[in-house]
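You will see two complexes here that share chain A, one where it goes with chain B and one where it goes with chain C.
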Partner chain A sequence: MAIKTFSVSTLPGFTATAVIVFVALYLPILTLVAYSFNASQSVAIWGGFSWDWYIKAWNNDAVKDATVRSLLIAVCAAVISTAVATMAALGTTRRKAFKGQTFIYVMINQPLMVPEIVTAVSLLILFGMVKQVTGIQGIGYVIFAHAAFCIPFAYLPIRARLEGMDLTLETAAADLYASPWQTFRHVTLPILLPGVIAGAMLAFVISLDDVVITEFTKSGGQDTLPTYMLGQMRRQLTPEINAISSMLLALTIVLLTAFFLLTRKND
Partner chain B sequence: MSAAEEAQAAQSVRNGWLLSTPALVILTLFAVGPLLIVVVYSFLAPGQYGNVEWKLSLDGWRGILWTKDIFDDTYGLADANVTIFWRSIKLSILTTVLTFAVGFPTAWFIATRPAKSRALWLFLITIPFWTNLLIRTYAINEVIRNEGLLNTVLIKLGLISEPLRIIYTDTAVFIGMAYVYLPLMVLPLFAAIDRFDMRLLEAAYDLYASRMQVLRRVILPIVKPGIIAGSILVFVPSLGAYVTPRVLGGGKQMMIGNFIDLQFGQGRNWPLGAALSLTLLIIVTAALLIYVKYANRDVSNGH
Partner chain C sequence: MSQLNAVEARHAVKAFGQGDNAVRALNDVSVEIRKGEFFTLLGPSGCGKTTLLRLIAGFEMPTSGTILLEGADITYLPPNKRPVNTVFQSYALFPHLTVAQNIGFGLEMQGRPKAEVKATVDRMLALVKLEAMAGRKTSQLSGGQQQRVALARALAPSPKVLLLDEPLSALDLKLRREMQSELKRLQTETGITFIFVTHDQEEALTMSDRIGVMSAGKLQQVGTPREIYTRPLNRFVASFIGETNFVPATSDGSTLTVAGGYQMPAPAATKSGAVTVTVRPEQVKLTPTAEPGTLPATVRGVVYMGTDMNYQLHLADGTEIEACVVSDVTGEAALAAGQTVGVTFTPGSLQVLED
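This part shows the complex of A and B:
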């Protein structure tokens, strides 16, 4: 009973503040989604429910093009970053701490520490040089830029999974004459898999969301969905942007829910 | 250690490096390496049509705060640049303070829910965290622009006759940044409060501490690492913000990030842009080093 008396709600105003914060956090997002269904173009007038802006977005070739490109980049970046992050996680866990390990950690986490705008201009300069020398164009530049900053996001859940793993299983496999590759393929990998999928999903979401680095590394006609939206925001806004945002939002929520279900099974 | 064990240990280290190599190569080529080119560029002269001329010059670095007088070649303080730096620092500090002021009660609220609903509340904070920053900025735009939700409601209620002009001001950028970075404050605060032993509160109350005393003497010292982590996580991206000031500041209320962008675009002063980028990087690194120092000290004090 005593605990009830001294429960935290006795701190004045905390609950009220929290409630206001949650409302303030969701109200703008809900407004954005609501107006994607507004038949009228003005926010001030509610013209009734309609799917028009979704249909308009769906039939807009620039949007279609940007969506396909966004997904292509995100898939490639997620695959590349998850592959190398899995290897790095295997290399930096479950062995005695070695000299240089801190260096590897710092390198892997570097994209989290450097402001995006700084990475963006540095890649703008580098890619400009490379394009001038080799003449190679294409979407590869954006993909590798994304792969690099996705590495820490893929690495963290995989490492967490590895650190919680029982080493004796692999020793047992080795004792039963499994080759190192067999041990990895049939013992380590199946246990590691949820971590790898979680890492890949985070990398995918992070790549899909990126604006700044894409804006600086893309060539003309290489808009992704976020950079397309950023470009549109300079002009007169129509609820079409709301419709695109709502769809992107829905995709993020689906992926996040899946991510939480995946990582929760760990315990 | 026997020779065999030693060989095995060496093998283990070799494997560690080998497995990490692909990640290190990608990061060197596309994250760390390009920063070195920025360092070189900051010491070159601007080219007439953008890019650089390959001759040594300190004008890039000088241009951060000083400007050359057109007539007598003397250097004076560049007011426009000072304004932008001051705005960036001011808005970043304000954002950190506001997110802490509302984030702390929120984190406290979540941490004190029953175990079952706590996960749900936490999930509600996490969704905006992972939602596209551009979408969240645009959502705030929907609320505060002249024909936005806020003005529409206030006019319909008859409280104002003219829309409040918030959009494209410092206030708009400030509101936007506080909104988009709030989850970054709440999450580490929650982690710190979650570890807090609530029986300490009881003990404090039993010893006749007032609520303010409990807050100041018991709660704040214990959750300090979370406060520092949250402040760094909000301050660092605020200082380097690009999207939020661009969309809500309308190109006029520039912050450092937009100022850097300008040098690579219309400004055609790549060396200045490079020097500004490095300045930003140095400030951010300093903030992170202070954080690491404090975080380590708290750990060593705790044991």
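This part shows the complex of A and C:
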């Protein structure tokens, strides 16, 4: 006879709880996507199927402008934060454990712990001072802010990948006449690559999605897709918002699926 | 003449840690390893054998002392500048490369021409009988196949010395036996000096031209397997390699009195006074009765071991020893527990220990 062990699935109400949780998670999203095909003007009353809102959104110059800006910021932020995160991960794992290692981890992951609104306000104040002194304007401030808070999201998958990597591999490369640079180029980096790509995609998605920090650091006419949508909410709400959200969702799903496949292949 | 030596360590010391907490993994080790020989560093874990290997490979620098390769000082040369390759205990195969790419890695890093790399890789694949696996990823191979890739990878650049760090410890017994003869064959075919690290005394005895026995950061004895087995210098070497008996004896410089009764001529340069002698169980001879000239002993126990019969004996002076006798056709013990027997030793089989 098998020994009975504790299992949550035998608790009363387990199935009901699970169903409620999944409904709460997915019903709003499903509704959003469904109503993006709504032919009526209202976001709440169904008026038949149509592609109209997608076409409207596609032809809306403000949406186009915000989308291009969002993608630009996300790509720049992902590239910068991934480069920094890769160096940080190499610096914290490819060596023997050192004093203050945990402290360094916490320092790197600061954006995960400090409330976003605090970071946003502090950036607003700092950037205001910098703009006053230098007179420099532009999108660079938003990119800088995004790159900074994306670092931990890029860092975590890269570090996980590095920690699973046998330190002996680099010793073996050195033993086989590889210089330190050749070792990095031919052994460390190729093995690390799935982690780097995963980190970059995660950073990209996080940047693409950000509202709070963007809202505080952008100047006039620098709307990203999320801040544009937020602005629209204050006026008239049409299923165009649903259509934009659905497209954003589709892009995110594609990226996160790729992220999942890449990190799963590790083992 | 140092020109004959592939590798030489002179007074190598390696300390880990600082000040009072420092541990000497290697404590003044000097050894000469000849060109083309299969040399084994044998010892229990923590004896410093792997540390010595890492000094030769260049993964560690000694705290003091010198490492020479064919007479040239390589003590502080980085590993990628040493014509020495290593087979790692964990194999450390590159998971992102194919079998052929793994084997060609060293040659590629040396910048050898493509055609030469390919030719050498093909030759190595044939040498370790893995031609069919050239395009596979290393994770698709069995443990024994991975082992052979690791060997081929380390041999491909034709190193002056091949270092093997317990490479067989992860394999099961049958595969280990196969790889032992495979290694020996590769060493003979390539003529490369092999330095093999193991804690397995049987492995050391069967494969090596010479063995260096290590303990507590020191080299205890260097010699051929036969010398190490039959002429151990001290108690550690005698007990680490095979089964053995320790018997107290006294010496007057010319005659050795063993266990208070048995007399034999003392080997040259035996110090006078109380000494310890060692004798292998298979060199202990038994007679059914305690005849004159033999040591009387009581049989304490009899263990049937298949090919051998193992007798536990209690000598008159209180020493316990074991005798190992080849079983007869019936497998019946010739002597019974409680019986008094006579003990003698094969002439020349007694070895006086230094300590």
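The definition used in the following text is that the second predicted complex is superposed on the first by the 251 of 267 C-alpha atoms of A that agree within 3 Å, B and C clash if a C-alpha of one lies under 4 Å from a C-alpha of the other, contacts with A are read in each partner's own complex, and residues count from 1 in each chain.
Following the convention adopted for this analysis, contacts are C-beta pairs under 8 Å (C-beta built on N, C-alpha and C of every residue); 3 or more make two chains touch, one makes a residue touch a chain.
All values reported here derive from a predicted model rather than from experimental measurement.
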Which superposed partner A:L124 touches (first chain B, second chain C, both, neither): first
Which of chain B and chain C A:P226 touches, first, second, both or neither: first
Touched partner set for A:S179, first chain B, second chain C, both or neither: second
First (chain B), second (chain C), both or neither touched by A:I191: second
Which superposed partner A:T171 touches (first chain B, second chain C, both, neither): second
Chain B residues touching chain A - in the complex, by the definition given at the top: 9, 12-13, 15-20, 22-24, 26-35, 37-38, 41, 51, 102-103, 105-106, 108-110, 112, 123-128, 130-136, 138-143, 145, 147-149, 152, 179, 182, 198-199, 201-202, 205, 211, 215, 236-237, 239-240, 242-243, 246-247, 256-257, 260-261, 264, 270, 273-274, 277-278, 280-281, 284-285, 288
Chain C-facing residues of chain A, complex: 166, 168-169, 171-179, 182, 186-187, 190-191
Complex interface listing, chain C residues touching chain A: 57-59, 78-81, 84-86, 88, 90, 92, 94-96, 105-106, 108-110, 153-154, 157
Partner chain B, residues of chain A touching it in the complex: 2-3, 6-15, 17-18, 20-22, 24-29, 31-32, 35, 42-44, 80-81, 83-85, 87-88, 90-92, 95-96, 98-101, 104, 107-108, 110-111, 113-119, 121-126, 128-129, 144-145, 147-149, 151, 155, 205, 208-209, 211-212, 216, 226, 229-230, 233, 241-242, 245, 248-249, 252-253, 256, 260
